[in-house]
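Residue numbering begins at 1 within each chain, and the chains themselves are lettered A, B, C, D, E and F in the order written.
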Amino acid sequence: MRIEDMTRDAFRRKVAEGCVVILPFGATEAHGAHLPLGTDTFQPAHVADAVAERMGNVLVAPAMPYGNHSSTKNMPGTIWLAFDTVRAFTRDVLTALHGDGVRAAMILSGHAGSSHLCAIKEGCKDVVDACDMKVSLVSEYDVGASHPKVRDLAGDGHGGLVETSRMLDIKPEAVTADRPVGTYSSTGSLVVRDASVCFPEGMAGDTGPASAELGREINSYIIDSIVGVIRRDLL
Amino acid sequence: MRIEDMTRDAFRRKVAEGCVVILPFGATEAHGAHLPLGTDTFQPAHVADAVAERMGNVLVAPAMPYGNHSSTKNMPGTIWLAFDTVRAFTRDVLTALHGDGVRAAMILSGHAGSSHLCAIKEGCKDVVDACDMKVSLVSEYDVGASHPKVRDLAGDGHGGLVETSRMLDIKPEAVTADRPVGTYSSTGSLVVRDASVCFPEGMAGDTGPASAELGREINSYIIDSIVGVIRRDLL
Amino acid sequence: MRIEDMTRDAFRRKVAEGCVVILPFGATEAHGAHLPLGTDTFQPAHVADAVAERMGNVLVAPAMPYGNHSSTKNMPGTIWLAFDTVRAFTRDVLTALHGDGVRAAMILSGHAGSSHLCAIKEGCKDVVDACDMKVSLVSEYDVGASHPKVRDLAGDGHGGLVETSRMLDIKPEAVTADRPVGTYSSTGSLVVRDASVCFPEGMAGDTGPASAELGREINSYIIDSIVGVIRRDLL
Amino acid sequence: MRIEDMTRDAFRRKVAEGCVVILPFGATEAHGAHLPLGTDTFQPAHVADAVAERMGNVLVAPAMPYGNHSSTKNMPGTIWLAFDTVRAFTRDVLTALHGDGVRAAMILSGHAGSSHLCAIKEGCKDVVDACDMKVSLVSEYDVGASHPKVRDLAGDGHGGLVETSRMLDIKPEAVTADRPVGTYSSTGSLVVRDASVCFPEGMAGDTGPASAELGREINSYIIDSIVGVIRRDLL
Amino acid sequence: MRIEDMTRDAFRRKVAEGCVVILPFGATEAHGAHLPLGTDTFQPAHVADAVAERMGNVLVAPAMPYGNHSSTKNMPGTIWLAFDTVRAFTRDVLTALHGDGVRAAMILSGHAGSSHLCAIKEGCKDVVDACDMKVSLVSEYDVGASHPKVRDLAGDGHGGLVETSRMLDIKPEAVTADRPVGTYSSTGSLVVRDASVCFPEGMAGDTGPASAELGREINSYIIDSIVGVIRRDLL
Amino acid sequence: MRIEDMTRDAFRRKVAEGCVVILPFGATEAHGAHLPLGTDTFQPAHVADAVAERMGNVLVAPAMPYGNHSSTKNMPGTIWLAFDTVRAFTRDVLTALHGDGVRAAMILSGHAGSSHLCAIKEGCKDVVDACDMKVSLVSEYDVGASHPKVRDLAGDGHGGLVETSRMLDIKPEAVTADRPVGTYSSTGSLVVRDASVCFPEGMAGDTGPASAELGREINSYIIDSIVGVIRRDLL
């Protein structure tokens, strides 16, 4: 059930019955030569919709399609928000949901950058300090990367096998025919101005073996995991 | 052409050729008993897609589905952002687009609240002061409200005949069968804590005569107008 | 009754009896070749004094002589404040008045710029959200522009017939002998760095027919209107 | 020469010739039972006008009638601004003057509170760091308090002999017949929530010997001093 | 070489020769029943001094003894700073060092909280974006936790075997005789108001086997590692 | 009793008994050719330790070694914080102490710059407005400068006779053999970009007669004074 499609009164009734709101937090970010810029939005939106279909008392808020980026900030197509904007956005949306009577919410982030997640977390803290609401923060990318079939794959990361396979399942028409191989090379302890040097190919991993089948498996695994997290932490 | 569906390289090529980016700025807002909460997002997204289809050199950025609200802030389903968050968001996205090489952008707002538009405008000013980029701000709601068939209709406003007709054209399955009549009653010169008193019915106007046909006509009119504005101001 | 002329105890007594405080919010702004830079301060200060003379329970706070400007920002003599400064100023003064026991206040703005009024309004919202006080915001320029004798005059605006006539009534010695004609030319949908292009002559309208008599009539009309607004909204 | 009375072009000409702008920074503040709330505005405005009359190349900006207050914050009639608002106001006005071509400015503060002066000073620092402009900050109260006839008077301070005498010279009709005696009692090293305990009588000193003659002498002394400071520091 | 012990001229000479400045970023934080509140300051200060002794061109800035805390925020003795304060502090100190001519700096954090490190990192980013300076950020706790003898120890964490051993080497008189055993229990995906539930014993791990010998070994390992990082990243 | 050396439980017990926490607020600042950069930290830390030794119920928080600087900002070795950072730091530490149950705290500043002290004071005000805690702010430099043997010494100031003597008592090995003579020359009313012109020698006074004996006397005098202030204001 997507909030954007509900009327005021339908929303009020669901909230009155008690429900969990999932906010898919996406991004518009360069994902190598082969994946669409909306990859990090499509993934959590897909997962959230599937979770809501599975559980009766889950509503999906409109996906936020912009986030904070470090290593890909200077790549073409990355449209970034400042750290403070992500924090303020998170705080505002959760506060507004609380004002609407919502008492349990999950931020489901498609982008797993550490600054991005930290900004969201700081926003969540502001809200749990001020309001009586359960707030859960999950990086669905990280959930996917721990799938048994890929978790021991060294070097798979941004735009790699996992993301390529997942996108082949979710939106195959937006994935090009390239199957690039890329490496992440760290800047060590340095905080650098342009971290795009970390991803010479704009992605990390070997996407050769990517398939819609693997993607479906990983997507299912994530959906199952999120259902589990909601049952454990929010209900 | 939606940016979310493009790869990094496809985006880079379009920008290098010279293009205009439209950012549909939506909202999640109570729209009476009959319209979906995403009304103000669906409308500018629809218009932007149509404009991009018509003009070769226009890209559509992912629609921002949250905005700033005053009179409907306390109604169920309105998920608001603070004034400063809307301003910061606008500034960040335009700055990032400028960093990507974009030199002409239009914010196409579905929500026409004066504080919301002012927040966007302040964000735009920050960017045009600092960057060499043409920035256009249009409230597509206001464009639609000036359509010859409705502009002399007294009292049509939020969730009224225009919006209901437009949504019947864009997404009829999300419009309920109700055809409410509502009045906007001003708080005079007062700035009030809860301005929802202005909309006892949550909308303003007589939606009785609403039809998909009228909606299509208004939507076309808006699309034509935006094409004209882009040609006049941004190319 | 001007607050600046009252002692602590006289002020306390009036507040204890219940009174409305008017804050004339002025500006220091280029007003064509013929009007003084303080035009937007002189006008609301004049109106506020007259209203207070008419009603026993109205106090006039010292006029704030600076505001936020867009189109005239780069003209000689405009001394502008940032948007946030106007907002903070408004919030602070109203909060302080509330702390003094005042429960009804009106911001009477001489400058009618939309960003300026929005900044004041955002400050007012902060206060009505936090305090139990009636707050009214009126652009006295807009009240004057709707006077029956001038409201159908196309193109009269900043520094035009209305303002020139009003200043001839209020402070004729500060008006030069020029009676300029000027046009406002819009930048369309563009948010521009230097909006002074909108006013090639620094003003808009035909000041040829300006007279102290017309000014007096408009000023009286505004004073009457404000008395009415106070009775309707604040008492 | 008051800026508020000048047209755009008269102002531009004076600035082009090279001039110093004085901004009288006033306050609306409880000043015992006998002095008007605008005391701290009337004083620097009077001094600035007199200095401008004496020196050809000095312009007086409109007096700012609000400031930051600590010990009198909770007294009736004190209308305070936050520290940051005073700082932002100072920064904005000086920046705008710099944009107008002004290269030498003096803030002439009537209120001598240490936080108030610090807030102004921080605003001045922001401007001298960013712009090429000479900025002078003077507390005219402190200049007056060092007049030979009163500087050895123990305990004369806020609303005391000096201020009462000065106001009897500047605006005698706003001074009541009371001639109170008051003491300032320190809170030691404590930073307290309500510092109005420092001024049980709302003022400090013995105003018995106050006279317009003494006031005139002190006012002349301040005017002479400011002329000297401008010659030494700003020309 | 500690900066606090150097004169202005000695400092200037070292900087002119080219040097790396280490800022030990400590904390005042509850560390179980047995470790002193300054544990996270003593550790990086000890390491930085040892590194500076080893390398001729390293200066040690005064240790910052306060940081940002989440899980221990509500425990007695934790004196926390807000996220933004840690970020601003980092930005200011690095900017000031840059102004002094320093071109290579390392923040050596004793506290490894993710929000704390993120706040420092955001501050570092501000500086590398604006200044030409190499900035390195290292959590020396994390370096120590990867020592071969302890890295496979499940559950050792805050105030555990590593920290207890290290403190027995650095400052044994501040370690009590208790050798507690504690467990970290996660709050799952929830962002909670009081995260002290994660550490029922205020620490995590089994400190039974703690010894000064082990501590010395780990401390040496960290010192060696930091020397290596400086050589690789900053020289 | 230093907080950094105490365990969580020892700290909790002392707070429960009722105690005063002293925060020595230091600085890293150029102090002429002869004194170490940490002079302003060593002094209040020394005093705080001595006061705590004398009084049973006083705890010493870790000394903050950075502050805000104006006149020495551009000298080598001054590592400054922005005004707002000092204010935020003060507010956070006091708020955290209040959360720990502390109800009486003293900020003991070694640096006596007026902006620095104002920033601390603004932070203190935020806390006393929001929390029930006695907060005392003392510039121990100013206390020392009023010692009978030196208070009539014209021109002794930053890095002068008092500070040199005090450092010869506290940390003689960090004082070089130079005994410079320097003068402070004011910038008059001007707020200047680089105020280091005020201290051509980087210090003010004649340090010829400096001695550890005089320093010990002044240090004792300060320690006695602080004990007195705590008894009068905080117990």
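Here, contacts are C-beta pairs under 8 Å (C-beta built on N, C-alpha and C of every residue); 3 or more make two chains touch, one makes a residue touch a chain.
What you are looking at is a predicted structure, and each value in this text was computed from that prediction instead of being measured.
Between chain C and chain F, the least number of touch steps comes to 2.
The chains touching chain D as well as chain F do not exist; no chain touches both. Taking A-E and A-B together, the chain pair joined by more C-beta contacts is A-B. One finds 49 Å separating the Cα centroids of chain B and chain D.
One inter-chain figure worth recording: chain E and chain F are separated by 25 Å, centre to centre, where each centre is the mean of the chain's CA atoms. Chain contacts: chain C has no residue touching two or more partner chains.
In terms of inter-chain touching, the protein chains here make up one closed cycle, each touching precisely two others. Listing every chain once round the ring, from chain D with chain F next, yields D, F, E, A, B, C.
Taken together, the chain D residues at the contact with chain F in this complex read 70, 83, 106, 114-115, 118, 121-122, 124-125, 128-129, 134-138, 188-193, 229, 232-233.
Residues of chain A that touch chain B in their complex: 2-9, 11-12, 15, 26, 28, 30-38, 41-42, 61-66, 74-82, 84-85, 88-89, 92-93, 96-97, 99-101, 174, 176, 202.
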